[in-house]
Structures are given as structure tokens and as C-alpha cells.
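Alright, structures below, take your time with them.
In the two complexes below, chain A is the common chain; its partner is chain B in one and chain C in the other.
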Partner chain A sequence: MSGGDIAAIFQGAVVTVSLSLVGILIGLPIGLGLALVRWANVPIAAGIVTLYVSMLRATPLVTLLLLLFFALPNVGVPIGPISAAIVALVMNTSAFNCEVWRSALMNFPKDQYEAAQSVGMRAAQRFRRIVLPQIVRVSLPGLVNEMSLLIKVTPVLAVVGVVDITRAAVRIGSETYEPLPPFLVAVALYAPIVFALVSLQRWIERRQVAAEAAA
Partner chain B sequence: MTSYLLVRSLSRRLMLGLLASQFALPMLAGRVQAASFDEIKKRGLIVATEDDFRPFEFVKDGKPTGFDNELIEDLRKYAPFEIKQEILPWTGILAGVSTGKYDVAITAAIITKERKQSLDFTSPIADATHYYVKRKDDKSISSIKDLNGKAVGVQAGSALLARLPELGAMLAKDNGKLGKIVEYTSYPEAYQDLALGRVDYVVNTVINLKTLVAEKPVFELGQPVSGKSFPAWAVAKGNTDLLAFLNGFIAKEKETGRFAELQKKWFGEAFPNLPVTFEPEF
Partner chain C sequence: MIHDFGIVWSERALLLSGLANTTILSTLSAAAALVLGFVLTPALMSKQRLVSSMARGFVDGMRCVPFLLFAYIVYYGFPSFGVRLDNWTSGLAALTIYNAAYMAEILRGAWAAQPREPIEAGVAFGFPEIRLFRRIILPPLLLSAGPVIGNQMIQIIKDSAFLTIIALPELTHAASSIQSRHYVPFAAFITAVFLYWGLCLVIEAGVSSIGRVAEARR
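The block that comes next holds the complex of A and B.
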């Protein structure tokens, strides 16, 4: 394996990290929005969200991606590999995030909400000051779990030509006929990426504990 | 309560509609035609190549190279329009060409009867007679009849897999039969399993295997296990203008000797007697 090969795997790492980040950053708020629609039982919309979430949870990411990539251009929506990858990741992760957020919302004590209502807080205020801080804490482990799964599912994006860590490793293996060294480098790269995510989770949790102790 | 019921029935109708759209989408996909040659001249030619099919196309130090990629470089000079290249794994390439996502698959797609139903093929670019490869230290295999009952590795969805029955017929002459068939998404994994002893031989085209044994002397090339077989570039069925254009390019490359030169460079030998068109029996 040459230096150029290692550089190619690192380039793959940049793709893996940036696509995962974009997927997480867009999928997280969309998931929250979907969960709120279901929680508030918005007429019609809640039903659509339920259907959307169950359909996406039942669709393998690779199938969804191939469908988007090959079917959308035929209905007049030109879509490139990267955008198809992002749309598929966001659709997939938002459905799972929705359920994590919803579990936190369902367990949210109603009396707190009513207390906030009784002191005259408006809906947006109630959500921002009372609900959100508490559901974030409860949802965080589940959300980070989903994020780490998202990072590790990115190799399927290779079917439309996205070169992530694993695809870069496959390419090198097929050029040198020695697949093991590039795969070892690939495995060694995923670990720190997920570790960084978990560290971020711990840091947020510690900050919350400290904030509570101060209060 | 009534409003609740209304919501329920509405969402059920929506659900039915959405379910129906799932079926409508593929139907729409089937009807759309690939871009015509006039459209291609305006927007450029979109070619799709593989990334792990040495020596035809592979990536070295992050750059595409191999036989087909060098031809694409020549094609850029030959074509009076732009050439846009997409690099992706084998899995999506032929589907992408038949749905019009790419105009041509510039890869070694073996011409088969089944593929000819949805694709048209250019003039063959090499000889792809199928051979078997084995571990050099495996003394139990010295000729075709020794393959009786042994585990074979081959690429899933490939023409090589489809033509294994030919080998089965050869084995049947000596009262033998094919052993377990293990399918892989691509050949590097098959070679790795051969080295590890999980399969006893791997079937691939003579060119791929010659390159393999030159690079990895732990393997040894066997004998042909199929009749005539040729790889070519694939365009969507009925895209005759594009096909004629590409065949013109291949003919010119053959004439100038460039084709033979590239074949020698990447395959180790030139194939001067390739047919201009090929009708597959399988």
C-alpha cells in the first residue's frame, strides 16, 4: 500500500464524516419536528408522519438510495450521487430519530407542562424552556446511538458511486490484490470517528449535570 | 369523536394513495427513454466506469486508470462533445445505463443473450474466454475433470455465473458435476477466499486471471471452462446512433494500432482477430 493509497482512504474518511455530519445535522431537527407533530396529534399530519416513519423504518437504506437515484431522474428530478446519498441518509435517520424524540416526549410529565401553562407561558416558550431541555437529556443516548449507526451505514452509499472509507479500501484491495492492509486502516479510522461522537455525548452530559448542581 | 374518525379515514385514504404511488413509480421509470444522440451532443456524453475491475478499470492513488480509462482519454480527443465520467461499483452500472442515468457503460460487460434484451453492445474490446484459477500449492487440481465437486467462487449476477452450466456439461462427460457455487459481489473477495481455502477455484475471464497470476504467484491459471465470450461497452437498447459513434471510435483505434498497443499494455497480449459484432449463444 502506497502513501497515495493511505491518502485515498483519508479522503474517504472526509467523505464519511461530512456526509454523516450533514445527515445528522439535518436529520436531527426533522426527527424532532416529526415527533412533535405526532405528540401534538396534529390532525392529518400526525397520520402522515406515522406512515412516513413506519415506511422508512421498513425500507433498507440501500434500497431507498437506489430508488431515489434511479427513479427520481425519470420523474424529472435530476439527482447526483452526493445529493441522493444525503437525501437517503436524512430520510432514514429522521425516521429513527423521530421515535427516539417521541419516546422522550411521551414520558414528559404532563403536570410540568400544565404548570408552565398556568404561569402564562406561550407554547413556544413552554417548548423552549420546559420541554426541550428535558427531552434532550433523555433522548441523547438514543440519538447518539442512532448517529453512530448512521456513520457505520455510510458504506452502502458506495452503490451510487460515493467513495467513503470502505469503498476507498475496496478499491485499493482490488488494485493491489491485498485487501487486508487497506481494511485494517479503514477499521482503525471508524473507531476514532465514533469515539469522538461518544466523547461529545459525555461532554454534554457532564455539562448538564454541572448545570443542575449549580441550580 | 367524529372529527377523530374523519382524521382516521382521511389518513387511511392517504396511506392507500401513498402505497399506490410506490407501485406507480417503477412503472414511470420503465417508460422513460435514454437520451438521444442529439441530446448527448448538446449536454455531453455521460460514461460510467467501474472502480475495482483491474485491468479494465481501477483506481490507483485516487486516479482512475486501466485499459478502458486510457481509451476514455482518447475518446475525449475524438469526440466533438464533452465526456463526463461517473465511477461507481458494478452493481449500479448496467441498471444505470438501461434507465438512462448514464449513456454508456465503458467497462468489460460480457455480451449475453439476457443482457441484449435491455442493452446494445459495441464491438468486443477483448477476448473474455472463461478460465479457472487455483492455488498453486493445490496439487489435487491439474485438469478440468479434477474440478468435479469442488467449491467454485464467481461474481454474483455475472455472465461467468450464468455460463457455469457449460463447465457443468464438460464435467458431466467424465461423470463429474459442479460443486458448491459461492457468489461474491466482486472478484477481490473471491480471490481472497481462494487464497484462504474457502473455495477451490475461481472462474473469471482469461484477462483478469492473467493479470492476477502475474501479480500474485500463489495462484495458477488453469484451462478454459467456456466457449467464446467477449466483453464490450453497453448502451441502452435502441440507441443506435450512439452505438455507431462508439463503434466508429473503436474501429479507428484498431486501425491506428492504438487498440492493440493498449491491449498489450494492460492484458499482456493483443487480440487482433476480435469480431466487429458478436451474437451470443448464451
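The block that comes next holds the complex of A and C.
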């Protein structure tokens, strides 16, 4: 394995990280939106969201990705590997994020909401000033956990030809007939990313426990 | 569109064998991972630093590696050590070893949260170790860990779809071979999605019935 090969795997890492970031950044607000639709019990839409979340949580990312990549061009929507990858990641992660947001919303104390109502705050104001800051704090560990899960499913994107860490490693392995070294480089790249997120999650949880104990 | 689903229907034998393979793979590896998890959990909680840190290293290591990469390592990397496995064996081994780490962590959490009193009472009554484990520790442990183990089983089903890349004939592989043969991508993959959904709903139903049993025993 040459230096150029290692550089190729690092280039894959850039792709993995940027696709994950895009997926996370788009998936977070969509998940929140879906959770709000369910929380507010919007007629019909809430039912559709419930079905959507239940189905996407059960669908493996590979299957979803293949579906998008092959079926969308078939109905006249041209889609490349990168956009198919982003859409699949966003659909997948928004369903999981929705559940995290929703459980925070369900546990939100009703009296605070009613108090805000009684001092004359409008719905948007109530949400932005009272609800959002608190549910963000409660949801944070779950959302970070979901981010680490998202990074762990990104190797699947290679199936439609996205050259990420795993794809680069596989290609080098098949060129040099020594698959183990590039795989180990790949592990050495994934592990710190995921470990950093897991540690972040534990740190947030510990800090919140400490804050509660102090209160 | 209806015609496309007709084609998928005519290939139902292939799809059903994929579904059966996915079910077999997930069930076998979930059971094996659970057993391995039970072996690993005492090691995680061991008072001997060497044992517990080795178990901790394995569990944390697995949780930081993407499953697909791990499957590749087992299938393509192990032959470098002289271990050559076919796709079924390496698929099963990868699913089992990978998920054993998660199961061990789940069981450790549930074990640590168990009340101490019944176990101490069991010791006081003179239960021998194996019987103490089987009759006093195990039943409440499984009941309280049930929902999380159920979630992990859903995760295993979804992970098994990744094994399509080592040409294991599971559900996604079946759907993709139907799509490449007849060019009916939407019908083939959406059918697979519905079948996965059905599998997961079965597990969720099982989990909620375990939950009812646990509730009734309380």
C-alpha cells in the first residue's frame, strides 16, 4: 500500500464526513418538523407521519438507497449517486430524529406551556422561547447518538458508487491483493469519529445529571 | 405500474426465499449474539482489571466500527490469516460477533439496574450459583432488557441487508436481482421494504407482549 493509497482513503474520509454532515444538518430540522406534526395531531398528516416513521425505521438503508437510485430515474426524476445518497440519509435519519424529538415533546411539562399561553404569548413565540430551548437540551444525547449511528451506515452509500472511506479501501484491497492494510486504515479513520461522538454523548449526559443534582 | 407488480409476483419464489434467508440469518445470529453477550457481560463487570478492560475494549471497538466495514474485514480480510469462510459463514459470523458487543452492553445495563435484594435473598436461601442465575437473576433480567433486545433484533435485520454486498442471497439481494433481470426497480424494492417492515412489526408485537408479561408480574 503506497502513500497515494492512504491519501485516497483520506479523500474518502472527506466524502464520508461531508455527506454525514449534510445528512445531519438537513435531517435534524425535518425530524423536528415531523415530530411537531405528530405532537400537534394535525389531522391526516399526523397519521401519514406515523406510517412514514414506522416504515423508514424498519427499512435498511441499502434497500432505501437502491430504491431511490433505480426507481426515481424510472419515473422521470434524474438522480445521481451523491444526491441519492443524501436523500436516503436524510429520509433515514429524519425518521429516527423524529422519535427523539417526539419523546422530548411528549415529556414537556404542560403547565409551562399553559403559563406561556396565559401571559399572552403567541404560538410561534411559545414554541421558540419556551418549548424549543428545553427540548433541545433533553433531545441532545439522543440526537448525538443518532449521528454516530448515521456515520456507521454511510459505508452503504458505496453500493451506488459513492467513493467513501470503505469504497476506497475495498478498491485498494482489490488492486494490491492485500485487503487487510487498507481496511485497518479505514477502521483507524472511522473509530475516532464515532468514538468522539459517543464520548460527546456521554459527556452531555454526565453534565445534565450533574446539573440536575445541583438543582 | 400494476404490470410491474405482476412481474414481482411472478418472481415471488425468489423474494420469499430471500425473506426466509433474512429471517434465518437474523434469528440465528441474534440468538448466538445473545448467548455470546451473556458470556461477555460477566467479563465486562469482572473485578479483575485485565478481564474487564479486555471485554470493554472489544465492546467499545465494535461499537466504533461500521458493520459493513466489519463484514468486509471478515469476508475479504480474514483469508490473510488463513481463515477462508464462504459468504454464509462469514455473514453469520460478522452479524454474530458484531452484535454480541451490543447485546453485552444491553445486558450489562439491565443487570446493573436490577434490585440487589432478591439476589441477596437467593444467596441467603443457599441457592447454588447456577440455580441462582437461572431462577433469580435471569427472568427479571430478560423481562427488563426485552424491549432493548427487541430493538437490537430490528437492527440485526437491517444489518443483514448489508450482507447483500458479499452476495448473500437475502431479501435485498433478491429484490436487486429481480430489478436487474426485469428492470422493475420501484416494484421490486418497495415490495422488499414492505416485507422488512412486516418483519419489524412482528418483532415489535413480540416485544410489547413481553412488556405485558413483565407488567403482569410486577
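Rule of thumb we're sticking to: the second predicted complex is superposed on the first by the 194 of 215 C-alpha atoms of A that agree within 3 Å, B and C clash if a C-alpha of one lies under 4 Å from a C-alpha of the other, contacts with A are read in each partner's own complex, and residues count from 1 in each chain.
Throughout what follows, a residue touches a chain if its C-beta (ideal position, glycine included) is under 8 Å from a C-beta of that chain, and two chains touch if they have at least 3 such contacts.
Model, not experiment: these values are computed from the prediction.
Overlay on chain A: chain B and chain C clash in the combined arrangement.
With both structures placed on the common chain, the touch criterion links A:A215 to neither chain B nor chain C. Once the two complexes are overlaid on the shared chain, A:A71 sits against chain B and chain C alike. With both structures placed on the common chain, the touch criterion links A:Q11 to chain B but leaves chain C unconnected. Shared-chain residue A:A124: touches no atom of chain B or chain C. Of the two partner chains placed by superposition, only chain B is touched by A:G161; chain C is not. Of the two partner chains placed by the overlay, only chain B lies in contact with A:S2; chain C stays clear of it. When the two complexes are overlaid on their common chain A, residue A:P179 makes contact with chain B and with chain C alike. Contacts of A:V170 after superposition: both chain B and chain C are touched.
Note on the chain A alignment: of 7-15, 43-51, 61-69 or 79-87, the part of chain C that runs into chain B is 79-87. On chain A, the surface touched by chain B in one complex and the surface touched by chain C in the other have residues 55, 66-67, 70-71, 74-75, 158-159, 170, 173, 179 in common.
Interface of chain A with chain B (complex): residues 2, 4-5, 7-8, 11, 43-44, 46-48, 50-51, 55, 66-67, 69-71, 73-75, 81, 158-161, 163, 167, 170-175, 177, 179.
Interface residues of chain B facing chain A in the complex, by the touch rule stated above, are 3, 7-8, 10-12, 14-15, 18, 25-26, 28-29, 32, 51-54, 58-62, 86-89, 91-92, 95-96, 99-101, 186-189, 191-192, 212, 215-216. Residue ranges of chain A in contact with chain C, taken from their complex: 54-55, 57-64, 66-67, 70-71, 74-75, 151-156, 158-159, 165-166, 169-170, 173, 178-180, 183, 186-187, 190-191, 194-195, 198. By the touch rule above, chain C contacts chain A in their complex via residues 60-61, 63-69, 72-73, 76-77, 80, 154, 157-162, 164-165, 171-172, 175-176, 179, 185-186, 189-190, 192-193, 196-197, 199-201.
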